[in-house]
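As structure tokens, here come the structures.
Each of the next two complexes has subunit A plus one more chain, namely subunit B in the first and subunit C in the second.
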Partner chain A sequence: MSFGFTDVTVELGGETAIEGVDLEVEPGAITAVIGADGAGKTTTSRTLVGLLSPTAGTVRRPRAEAIGYQPEAAGTWLDLTVSENLSFVARAYGLPVASDRYRELLEVTGLGPATDRLAGELSGGMRQKLAVAMAMLPRPELTVLDEPTTGLDPMSRAEVWRLLARAAGEGTAVLATTSYLNEAERASHVVVLDNGKVLAAGTAESIRSSFRGLLGISATRPLDASAWRRGNHWRVWVPNGSLPPGARSATPDLEDVVTAAAYARQEAS
Partner chain B sequence: MTSRLAETSEISKRFVDNLAVDGVSISVSAGEIVGLVGANGAGKTTFIRMMLGLLRPDRGQVMLFDETPTRATRHRLGYMPQGMGLYEDLTVAQNLDFTARVFGVEPPALEGDLAALGDTLVADLPLGLRRRTGFLAALSHRPDLLVLDEPTSGVGPLGRAELWETIHDAADGGAGVLVTTHHMDEAEQCDRLVLLSAGRAVASGTVDEIIAGQTTIEVAPADPAAAMAMLGQAGLPVLPTGRHLRLPGVTTSSVRSILGGDVGLTESRSTLEEAFMSLARAV
Partner chain C sequence: MWAMVIKEVRQVRRDRRTLAMMIVMPIMLLVVFGYAASFDVSTIRVAFPDGVPDGASLPDVLEPVETSRSDPVDILRHGDADVVVVGDGTGLVASIDGSQLFTARAALQVFTSAAAQGVPITSEVLFNPELDTSAVLVPGLAGLVLLFVGSLITSLGVVRERQAGTLEQLAVMPLRPRDVFVGKIAPYFVVAAVDMVIVLVVGWLLFGVPFAGSVWLLALGAMLFLFVTLGAGVLISTVSENQGQAIQLAIMTLLPQVLLSGLIFPLESMAAGVRWIGYLLPLTYFNQIARGVMLRDAPFEAIALPLALLAGLGLAVFGLAVLRFRSDLAPSRAAALEPVA
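And then the complex of A and B:
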């Protein structure tokens, strides 16, 4: 069965953190939740793993022992070594310590030569790979990782996504949050959050093709149109009608689709 | 006055056994936006602090407005640190008033979403509006050189569009801008980029100049997971993209030697992110 949300709203301290969010996290696939700080990514993660209760709506999740969760910027013990971190997780789940699984994860993360190093001495990318390995070790049915790639260089980010793809390949349902829109391409399903609400959802391809209206490129800021600057030109969005004079038609990318959706929402409210 | 506002020559800084910045030379001229791109720990913030005169380099020289950094040069600088440098227990208006008085100018007018929030404590503002306030504070004395350390981190799509519009307006008005980011899509907003990796400038130029000559191989294997594992084990950089795998900066023969001679592959121009991956790996 798949995990996720149906129409979930969560209020925290009297404020709505997420509102009416639908979410599908399927076994064998990666769902990416993308948004800025404050968009509701951490609330989504914590609600999915059961640390927060929804105010309204339904959450589908496996039993607690079958969930792996890595909170944001955490999940490793900095003053324990790589092998101690992994052994701790193994013991907590009642698994043998020096198992085939343990050796396999050291191999795929490239952490094999670093087993005796303190987690606090690892580079950010290595530490994040250790955190993902710790989440994968007990082969959970559902793995939830909050911002596993934030602050990492592109290469380390790609390696973390490769590990997540491997976890999905083992049949786990994986949810990862990120603030990098271009990481949408790495997931099979994407939910873009803005201000606690779903701005766009689907595959990266279906989100791109969900764009309605016309996108233009203009050298100057057009009057009476939603427009945003990119480098030395303006992107112009016209939901109905034709592009303003001087604008030439362009193919929208994911950033354009999300920005246009945010404009549409602002105008509707 | 020359148009060159800031120039560092081979500056370096070591913290105990960590060489945080290693011989970096960058210049920022009037009217241009220079992006400083790199991962956390690449040395961006240390570099900025040296360029501003807040941290003394171990080696090399910093020139601001054709002189070494002093309190006088500080008056011509606008700096928004990652933490934004605002007083959380003061209101928006009090923060802007404070900064304006330090520089002996009039506080800026509050516009848009901020207009009604002058009496709100900065601690109570959402992050996007906090960034806008920090930005107004940094701009209030009309600095000649703006230095912004991850100005859009944590800001939603519309807030990001607005902040970039303000940055472009400042540059169009003649200010030089140095901005750090690790969002590649924001890097494309800059006139020129410098990529820092492990404290060194490994590439610089316009987006087109950086991408020029950088290629990526794309393969569509029947079993992407198995192919990814084989390529990864061979030490090749692999980016899963939809059903395809992209390998920046590798040769067709190296991919064929691992996946077999009959694997279908195409070679295309790298994206900026892929170009940076190849350039950072090559160091």
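And then the complex of A and C:
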């Protein structure tokens, strides 16, 4: 059975945080929820695990014993050691403390030599791997991780995604939020949020292929087309017609597709 | 520099709690404590088991009280009166309760002065013959330690979880709210109990504070008192977003208890309005229990009322704390425990 949302709206303090969101989190796969700050990623995570109640729509999730969760910017008790953090989770879920699972996770995360170190003394990457290990420890049916790679170096981000892939490989339905568009490639399914609404959903490839119009690269900003700065040049999107003078044609990547979709929505509203 | 001043003013203006502490609290404290800060004893309750001597003219400060008991020590131990006057064949003997320091000093002065004017009366101070200040203060200080650990440290412990975001994680774990609540406060309960024992032992070793009564009665009083203070700690944590706010609130609750509980100023000396604030504070009752048990060997029936009032306060504060704490975890809990169709 898959978990997720059907047409979910959540209002917080009179403001609509997410609106009409559909979300499928399949067992054995990673669903990435991508969006800028304030897009509704954390609201999506918190609603899925039950910390927030939807104003409208349906939420599908397993019982509490089958949910692993890592909140944004947290996930470990900094004044407990690696071993104590894992032991606490094991006890909370009614599992044996020094189990094969515990040893296996220490091995795959590379935290074996650091079991007696305080979580607060670990590097950001190691601490994040510990947080993911804690979420994976009870072999949950659904694992939700809110921005597990934010603030990490590229190597550590790759390590965290490797762990998420492993969790999915064990049959868990994994949902991870991120603000890094390039991480979408690592997920089986991607949901892009913009201002609380789904901007695009599907596989990274299907989202890429949904691009309509023309994309160009220009050294200067054209006045009569949607354009955004990327590196030392401008990306130019023209939904209909031809590229402005001075712009040369380019193949859109995922970031271009999502940005163009955001422009399209802006113009439509 | 101006940039810094403007930034600071803007921040303070938005931190309403700190602003209230800086402006409203000093005024409130001055008014309340101004009426409370008095060592003058206006009334001394005197029991005359043999009846008031014929033709005796009592000073205004002495207020005769009725008692069904006849033994002076028994009367004082039960707290029926501050002084008991009986005849011993040759004259009168005034037995004074030394556990009420300021009342005892005032009574001693009244009866010594009466003796100097030829009244055949001798005075004796019971339970604290030297009218030692530390003997009276240490039992109350043990309560202050419990307050400190119970309210301040507990509130910080819970707020730390909220600030770190781990309270949210606990809410999603398959832990019942009561598991989280009890598990959170149990270590503080043990630490506070150990702290109290240390204070009492140190008080006994260094200051010679007597322990005349039942350890079990004091333990019962301490447990009920802890019940209130731990609840207050959790309650403070539920209305504080960070550790700074928790410390501010804890100090706001600690200060009145130090000054209005009878620990320093006798409750009887305070203006009526202020005294009633004292009656709402748990330290007031713990103070009565600790002094009663440690100094007077007060039996259960003598401290039953403060015990019952502590229990009542405990139920109210602890109950409110549980409800507030549950609401921190419960919205999620209700939804998370059951799959939503």
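We adopt the following convention: the second predicted complex is superposed on the first by the 269 of 269 C-alpha atoms of A that agree within 3 Å, B and C clash if a C-alpha of one lies under 4 Å from a C-alpha of the other, contacts with A are read in each partner's own complex, and residues count from 1 in each chain.
Quick note on the criterion: a contact is a pair of C-beta atoms (placed from the backbone, for glycine too) under 8 Å apart; a residue touches a chain by one contact, two chains touch by 3 or more.
This one's a predicted model, so the numbers in the text were calculated from it and none came from an experiment.
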Touch check for A:A158: first (subunit B), second (subunit C), both, or neither? first
In the overlay, answer first, second, both or neither for which of subunit B and subunit C A:I67 touches. second
Touching partner for A:W77 - first (subunit B), second (subunit C), both, neither: second
Taking the superposition as given, does A:E255 touch the first partner, subunit B, the second, subunit C, both, or neither? first
Between subunit B and subunit C, whom does A:A92 touch in the aligned arrangement: first, second, both, or neither? second
Quick one: is A:G50 in contact with subunit B, with subunit C, with both, or with neither? Answer first, second, both or neither. second
Quick one: subunit B or subunit C, who's touching more of subunit A? B
Spell out the residues on subunit A that touch subunit B in their complex, using ranges where they run on. 35-39, 108, 123-125, 151-156, 158, 161-162, 165-166, 169, 179-182, 185-186, 194-195, 199, 204-205, 228-232, 255, 258-259, 261-263, 266
Subunit A contact footprint on subunit C (complex, rising order): 164-166, 168-169, 171-175, 331-333, 335-341
Touching residues on subunit A, where the partner in the complex is subunit C: 46, 49-53, 58-65, 67, 69-78, 89, 92-94
Touching subunit A in the complex, subunit B uses residues 38-42, 126-128, 153-161, 164-165, 168, 182-185, 188-191, 197, 207, 225, 228-229, 232, 237-242, 273-274, 276-277, 280-281
